[in-house]
């Protein structure tokens, strides 16, 4: 089973730190190939970033399907362009935020998300409302560390831990969902320091993708119909094909 | 007061049919300039289209702000990239779907949306859930006419009327919101044939934009913070500036 | 376009302070006439006040319609007798609280209302639940200043600012909605001191009324059917006509 | 224990048909006195009627409290002016619609209300949304019989039965709540013809009022604070006292 | 009218403290017989306890019906096995938590529950979500006193009061619902020390049971169908009969 | 990794038909042992059945934990005693209904459940409300075939297909969740005949259990605290230990 993990940003440096991480997380018999985008912002933290990655993300998704992948992971907790990608390909499309929320639902009554920046927190809140899950959310918090600042594990870990602690003690969270796939290394340390389950969205997404393939499930075409074909004007969209 | 209406597709032909429409709808002392995108799909009907218009839409929005416009209208009932645009500029950003829903709330207990295609209906449903308005929605229906098929007013009008009728009689709608800004001409005919108010999203958005300017209101920076600046790799995003 | 602003209390002194305010707020070509009630309490702050103004408010609304007004504004953020007035007349009826909430929805994810007294706060909360908007509300707070105490701008402004500050910092409000139409003068000062949009309900209502007239929209008769005619016993209702 | 049942309309003829009904429904040791209003419409079916009864209803409520009654029943399923009355008196105030909904919650997952006219159905729907109970409501239907038409039991019963049948078979109701206190006689017949519980709001309200008195409970002053005293202009409100 | 109060635990000592309490609470002409279970845990505080009492509770309920009781009270605020018991017998089944919530709805906008232990709080929260009442709940708190620790009234009362105080001041509760039927004695003292209504679930359940009998109402068989008969393997379920 | 699948009924015959099914569904390196209960009803279809299986289910769960299993599957779509089992053991506890709902959330906007009998449908609806997922549910339907009637695949398959069809066409389901783990064989046939994803709860639960173990996640002790130890009276609970 081949699974393509698409990191929806254009940072090759960031990509390098994630490749082993994803390979390690893959199940038996799963071949994971992790890519980032050829163009776009070097991290996804805001609605603007979300907009900027849309086209290259669709292109990478189509490429993954053509490469014979069994499933696609959108490796970002802000779930960029999920609807578009599901319309555009027929193999299962799993996104890291949504996957983490799905697992969190079975672990406690209420989860909190701890993400990187204010913009990201707002994006995630919007998704949670869109998913109709607000009754199960204690809070969405941010550590005020940019994605690329997560490399400084000592500082980032401290700040994330502090927000997770408040989510539990003040907001009543039963479960912590990390709100950025770049937080995987922190996840383990956090789990050792917190008495509640900590869901790593990168691992959640990969696991969910494998599971769907094994169960023979993909997204509903009633909900994500094939998009109507049409003329697309200009570059680089000119070569676009639905 | 200058207002820029951005039609988020790249159809110059469609644009031509709308320019007079928008000028006619503008209030006293309002100078409306209506543009479409330099690149992108010729209509916005699906999640994929939504993704394709994101970058040129942001660019047009920034251009409008630099041109000294007092407000921006995103002339599409599917509300593409609204969060991104609001992060990206500081002048009020009104989108046609959201504007129409805001007005509809004051006209009856429950509204239905009648849009063009299944993909569009799903996009709009998702937005309504995201806006937290489901308690006030009777249904989202589609006439199964593509945006560019709306030019055949006779046929399109018939189909839209049929769905609006069902929305009222079967789903209990008090108000009909048209789910495509290309339906403006149909709006008047529909209103003559229906006993409930019919909200035209194009007119709603323009009116709301003017109103916000007059009231001195723009979107909250707490909800839509200025996005963090960062490197953007590749063309055409290379020249991007936050 | 003639718009009648009905202040649903019987204080001529209060009326005098508002007339210029409303005229100033009116758009081009709009003739605003502002009236208060011939009888009733001198301010509307509680459910009892709400009950006391119902009959004279209906009478003034009918009068406005007969005077050829294009729309009616109920100039109170507690939205008294809105359903009754909409049943009773056919021209658009806009109420200040509901109008302000409608505009606030487009400015941020969550708004807070800051009103005058505990009774008023409860009235407004009840309306927000009735409107199905709770998912978008951060809090309803009160400054503990009666309507007629708003004349002491210095003190009132201080207290309102304090509650608005808490709404933003503690409750997470993106937008402040003033919960009393007597707060208009404070609105401007508040806006200067707060980093989020401040919605003035009096201005919101007038602007919305004009907008509905311009768009040719009025409330749905399916939602607000003409009330059944019947005998009314006693004075002054004896002369009542449906 | 003295309980005052206030029928919020001014029809002495209607009152006469209800007095025995209420006395029969009262528990051991309960002295029920049933009154109607000295002025107002002869039935309450619309928002306008709701407005018209507000002042005389408040006056009767105050009178009941002064007469030493232990509780007040507002004998109408549309729950007119409940907040105002609860602010105005300190003894428990029970209203027929709300009481019936409270009992219905324990009898099944979802209840439907069958009331008299379209206007009444909308009033009741609004209340249900205000009470936050929509998740438990299957539908609100109306028999299209005015209150005073309920005297023709044969016809009215037939129509109410038809709507109740549809509520069960089509809308999935587990319980039927009658949406008018004038339907008490029909209630028994309906119960014989339906396999689900039928809640009579008049009986529900009286029973609830007794129960609250026995349990020593009355409404919360935090939710219904004593209204601020103030000048009231004009007749008959001139003699008003808070 | 005979009403059987079933305390769903197996503590004869606890039972003895409650018998007089319940008899005192019964209305005129009501014969209350209070029993506990022949087997099971000595108090119900957790999901495990909830599971342990299920079978003996069903057996006692069937026995009550055979003894000619008019209604059954499940004397526990965690509402154990309510659906099962309602399927299993045809007389009205009232449970203390649900009954208290039903009464609380009419006393204020939002109620808080104060119960004994963390496990119990979670059970009750789960029920409140299941009942669809979350919009009306301010909080669920616990005093950290086990059921059998309630006998030390001085200490228990202090802790319950403290949590009730916080529910009012911090969470915005208008009404306090006691979350354990063993708190009846504390109820009166609490009521003297709090300015909001305090609902005693034991009294609420008994009162509601009587009321349903008087109104001739029992639970809907559409919602609680008679369970399909089937073989049951093993002891003591062997002798089970549906 | 050892996973214990507990079928919460006492039918050895039914168990035999499931053992191979579960083994086949297990992932690489997963050792599945499937057991049924030593006592209890031969199928779980109602609230009464739910109550009857509670104690033996807890005992089997404890046994699984002592046997060194890494996770427990409660192999029933009605999710019996999930809270109790999670309090009682520390290894992950996955239940078939909840697991299926979690996967369904990522496959479309709205899912429908098709289960066996009316009682079962009501149990499942109650769970869905408890899980706060109603916004994502199109309907809960039943095929009117008892669990043990599922062996007649031809008839059962026909009826389940018919209800699934209606769920899609009438209720707007994007995804079908089978509401009984005995439906696994039907699942494949159904999937061939329906254009939307069909989620098999037995397979979903097993897959989710494996996934949680791999991710090192188990339920939150904040949500499911260890239950307080206490005396348990009578047989067989006498030997109970918390």
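Quick notes on this structure:
Residue numbering begins at 1 within each chain, and the chains themselves are lettered A, B, C, D, E and F in the order written.
By our rule, a residue touches a chain if its C-beta (ideal position, glycine included) is under 8 Å from a C-beta of that chain, and two chains touch if they have at least 3 such contacts.
Everything quoted here is computed from the prediction, not taken from an experiment.
By the document's definition of touch, common neighbours of subunit E and subunit F comprise A, D.
Chains that touch both subunit B and subunit E: A, C, D, F. In terms of the distance between Cα centroids, subunit E is separated most widely from B. Subunit A and subunit E have Cα centroids separated by 44 Å. Centroids built from CA atoms put subunit D at 52 Å from subunit A. In subunit E, the residues that touch at least two other chains are 109, 122, 126, 129, 131-132, 135, 223-224.
The list of touching chain pairs reads A-B, A-C, A-E, A-F, B-C, B-D, B-F, C-D, C-E, D-E, D-F, E-F. Of all the residues in subunit F, the ones that touch subunit E in their complex are 10-11, 37-43, 45-52, 54-58, 81, 83-84, 86-88, 117-119, 122-123, 126, 129-132, 146, 223-225, 227-228, 230-238, 240, 242.
By the touch criterion stated above, subunit B contacts subunit D in their complex at residues 109, 135.
Residues 122, 125-126, 129, 134 of subunit B are the ones touching subunit F in the complex. Remark: subunit A residues 27-29, 94, 98-99, 102-103, 105-110, 131-133, 135-136, 168, 173-175, 191, 195-197, 199-200, 203-204, 207-208, 211-212, 214-224 touch subunit F in the complex.
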